[in-house]
C-alpha cells in the first residue's frame, strides 16, 4: 500500500500536469502568453465544489460543471483580450487573474476570506489518472489535427496565418476556451482532493508556477508539461529539509535554466527556442531584415 | 554545432548534479531511529509560514515552540523521553500546508503537531490529521468553528469572538465610547473580529463606519477619510501590528481624534516602533503581557530574548503554551498520539503564560482576556 | 471629503509612479518586463535603512548612496540574468526576471528576517491643513520627488547624448550598433538609471510608510508595473500619469464603491485601458508591418 | 486569351495616418495573365498587395474580385475566395515541417471542427488524407517533395521561396500574388523560377500578379506591366511600351540620380 504522502504527491503531480498541459496549449502551441491560468483553475475549483456542496451532484457532473464554467470565462475573457499581443496580453491576463482572486475573497458564497470548508473528498488516484489521460488524449488529438496546425501557425506568424485563410481570432478564443476548460477540470479535482478552498492559493504566484512548469518542461511539448509539472511538484517537497533555501534555489534554477536551456528540458529547437516567433520578436526580426535590405540597396515597399 | 553540443553537455551535467543534490537532500538523514542518547524520541511536527509574506508569524511561532522544547529537554521533566521538532514551511500557502501535514504524519510519523499558523493552513490540514489520527494544536488559527467536529484538532489562542465582545463592553462601559468605526483586514482573523465587534458594539452603542483593507497594504488614507467623514469617537482595528501602526500614523496625519482599539494582533513592539506617538493611549485585548511579573512569564521572556535577541510576541507566547499543553499531556497520559490527544482534550485550568487555559469539548480554548494599553511607548496592563 | 480623497489618490499614485518610472525606463529601451524591479526597490529601502540607522549616515547622503547601490544591483542583475538571454526568446527573459525576483526577495528574507523594520523618519512630522484637505510634509516630499525624478528622466532621455543613444537602441538595436553605439553600455546605463530610480522609490516609500520588509516589493512592484502599462509603457510622463490615475482610481473605488474591491478596481482599470488603447494612454501605437 | 477581368480596383487610395501611400489607383487584372508590378522604393507596391489581400483596408475606393466586393474583408475571408500571396520577406512557419506548411494552405479548404478532431471521425480522416495528397502534389510541383519532413527553417533560401509558393498554391487560388519572388536568387535560380511561374499559369490556370525588381525577369515573364511611383499608377502596358515610357524612365533615373 502506497503511503498517503506519496499518493498525495502523485495526485498533485497529476493535477499540475493537467494545468501545465492546458497552459501549454495556450502558450506553447498557440503562442499566447497567459499569466492568469490559476484564475481558471480557481473558477473550476469553486464552481465544482459549490455544485457538490449545494446540489449534491454526482462527482463527474460537478467536475464537468466546473470545467464548463471556467471555459465560459475563458471565452468571455478571450474575446476582448486576445486582440492584444505578447506582453500586453500577459498583463491583461494577470489583471484578470487578480480580479478573480479578489472577487473570490469577497463573495459570500465562496466563503470569502475564511475559505470554503467541508468539501467531500471525491478525488482518487483513479480519477486523476483518468483525467490526465483524457486531457492528454484530447489535447493531443487537437494538436495533431487541422485545428492544431492552425494554432501553431498562429504562434509562428499570425500575419501569414491570416493570409492562409486562418481566422486567428476564432482559433485563439477556441484555444483559450479549451485551455480554461481543462484548467477548470484540474481545479475541480484539486477542490475535491484538498477538501478546502481559499483564494490565497490561486494568486499571481500560482500562475507563475504553472508557467514555469510549462517552460521548464519545454514549450510546445506535451511530455514536457508532464516533466515540468513533476519536477516543480516533487522537487520542492524533496527540498523540505532546507526549507529556508527552497525558494532561493527555485529562483536561481529558473535563471540558470533560461541561460543554459531556454527551450526547456524536452524542448526541441536548440539554437533559437521554439517560442521565438511571436509577434514581437517577429517585429524585431523584420526590422533587422529591413536594415539588411537597406544596406544591400534593394527595394522595400 | 560545437557550441550547441557543449551547451547540451553543460545542461545535462547541471541537471544531473541537481537531481543528485536533491536526491541527497531528500533522502539525507532520514532517521528511523527513535532513540537519542538512550532516550525515546517524541516527535513534534510544526507547520507554518517560514517564508513569504506571513513568515514573521510562522517564525515567531516556531521560536516559541523551540524555547518550550529546549526547556523541557534540559529539565529532564519527561524522564525517558526527549522531544524533537520537525518543522515544515508552508510559504503561507494552504495547499503547501496540506503537503506539510501529510508529510509529517506519513513520513516523519510525528506523535503530535503544533500548527498551523494561518487559519487557512490549519483548515487545509484538518482532515489529514483527522484521517491519520494525529492530534494537532494550533497556536494562532482563530477562524470560527475551525476545530468543530474534529476530535484531533485543538487550538490555544484567544477566540476572536470573546476578544471582540469583551473589548466592546470595556469600551462602552469603562471608556465611555459610543460611536465606533471598524477597519478590518480582509482575512479570516479580521473578518471574525469585525463580525463579533460590530454585533456587540451595535447592541451597546453604535457603529458608524466599517471599512476593509488587504494584508500588506500600506496606504489607508482612503478608508480613513471615509471613516473621518462619519465622525466616530473610536476606531477598532481588526488586524495585525504592522498595518495597525501605519493606520494610527495616517489617522493622526488626517487630524482624526479617535480612541484606538484593537485585538491581540496589535500586541507587538513593532506597533510601538511604527506607530510612535500615534498609538499612545490605544487599548487592545491580549492573551499575553510580556511585562507580567510572574516568574513563568519572565522565565519565558528571558529565555526567548537570550536565544533570539528579540522580545517575544503573542504568537511566540501562545506557541510556547501550546507546546506546554502538549508536554503536560505527555506527562499525564503518555507519548502516543492517542494518549496526547486525550491529554490535550482534558486540559483544564492550565496555568500558561498566556493565562489560565482550558480546552472545551469542541477543541476550542477558554482563557482569560487581558486588556493592554499603550502608555509612554510601552504596553501596560489596563485590566 | 472628495478633495481629500483626490489628494489621497494623488499621493498613493505618486508612490506607484516612483516605481513605474524605473519599469518604464527599462521596458522602453529593451522591451523586457523587469520583474525584479520590485526587489530592487526593496533593496534600496534596506540600504537606506541600514545607512541611516546603523551607520548614522545623514539622510540625504544615504538617499544618494541607496540609489547608487540599487544601480549596482540593477547592473548585476542585467549582467547575470538578462544579458545572456538577449538573443533568445522574450519568454525566456521573462522567466529569468521572475527567477531573479524570487531569488532576491528570499535572499533578503534569509538575511534580514521577516519582522518589519521601522524606518525612522528623518523629518519632523508636520501636517499642513488647508480648507479642503490635509497633507503631511512627507507626502509633499513624495509628490515632489516623483515629479522631479520624472522631469530629470525626461531630460536625460530627450536632451543628453546618452539619451539619444538610448532612443536609438530602443528603435533599432542592430542599426544603432552599426552606427557605432555600444549596445551593452547603453543597456547597462539604462539599468543603472532605472534601478537607481527603484532604489530612490524604496527609500521614499520606506520613509512614508515607516517600514521596510523583504516582501515589500511584491504588490507595489506589480502595481507600479500596472501603472507603467496604463500610462503607456516606455513613456516617461506616461508612467507618472498612469501611477496617479491608478492611485486615484483605487482611492475613489475604495471610497465610493467598496474598499473590498480596491485592488480589483486597479486591475479593472488596467484591462479597460488595454482594451481601449493597447499601447497605454500616452503610448504610441505600433503599426504592424506586413 | 480571354479578356475577362478577375480583379478590379477603382479609385483606390490608402494613407497611413495622413501619409498618402496610394492615390486613386485604377487597376484591372484579367484572367490567366501574368502581370508585373514595378516601381521604385516606397512606391506603394506592397501596400497595394496588402489592400488586395485584406491586410489593410483601403481609405477610399472599391476592390472587386470575381465580381464580389472584397474591400473591408479580413484576410481570412478573402483567401477562401481565391486570392493567395507570398511575402516579400518570406514568412514561413519556421518551426513546422515543410509538409505542414503546405497543409496550412489547405486550411480554408477543409472543415474539421473540434469534435471531428478529437474523435477523428472517418470524415476527418478522409479529409486529412485528401489534404495531404493535395499538399504533396503542390510540393512535387515546386520540387520539394523529398524535403517534406524537414523543418522549414532548414531549407535554403531558394527552397524557402518555392515552399512559400507551394503553400500559397495549396489554398487553391484563382489569383496568386508574388511579392519579389526572385529577390536574393542567383541567375540560375531565377530562370527556374520563371519556368515555375509559367507552369503555374499554364497548368493550373492561375492568374499571377508579381512585384519584382529583377527587370530581366519582369520583362521576360510579364504580359503586361504596371508601374507605380509615389503612390500613383504612372504607366501600364506591354513590357515594350513601359520600357519606352518617358515618365517611367524619369522615375527610375530620378531615383538613382
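Going by the order they are written in, the chains are A, B, C and D; count residues from 1 in each one.
By our rule, a contact is a pair of C-beta atoms (placed from the backbone, for glycine too) under 8 Å apart; a residue touches a chain by one contact, two chains touch by 3 or more.
From a predicted model like this one, the values you see are computed outputs, not experimental measurements.
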Of A-D and B-C, pair with higher C-beta contact tally: A-D
Centre-most chain, if every chain is reduced to its averaged C-alpha atoms: A
Inter-centroid spacing, chain D versus chain C (mean Cα positions, whole Å): 48
Mean-CA-position distance for chain C and chain B (Å): 34
Interchain centroid distance [CA atoms averaged], chain A/chain D, Å: 38
Interchain centroid distance [CA atoms averaged], chain B/chain D, Å: 70
Of all residues in chain A, the ones touching two or more other chains: 105-106, 159, 244, 247, 253, 286
Where chain D touches two or more other chains, by residue: 46, 55, 87
Sites on chain B at which at least two other chains make contact: 51, 186
Contact footprint of chain B on chain A as seen in their complex: 3-6, 8-9, 12, 105-106, 112-115, 117, 121, 190, 194-196, 198, 200-201, 235-244, 246-247, 253, 256, 260-261, 265, 270-271
Residues of chain C touching chain A in the complex: 31, 33, 80-81, 84-85, 87-96, 98-104, 106-107, 109-110, 172-175, 178, 222, 225-226, 229, 233, 260-261, 263-264, 267-268, 270-271, 274-275, 278, 286, 288-290
Chain A partner contacts - residues on chain D that touch it in the complex: 39-47, 53-55, 74-76, 79-80, 84-85, 87-89, 91-96, 100, 103-105, 107-108, 110, 112-114, 116-120, 124, 127-128, 131, 167, 171, 180, 183, 211, 213
Touching residues (chain side chain C, partner chain B) in the complex: 1, 4-5, 8-9, 11-12, 15, 106, 109, 113-116, 118, 125, 127, 129, 134, 136, 139, 205, 209-211, 213, 215, 218-220, 250-252, 254-255, 258-260, 262-263
Chain A residues touching chain D - in the complex, by the definition given at the top: 138, 141-142, 145-150, 152-153, 156-157, 159-168, 174, 178, 220, 268-269, 274, 277, 286, 289, 298-301
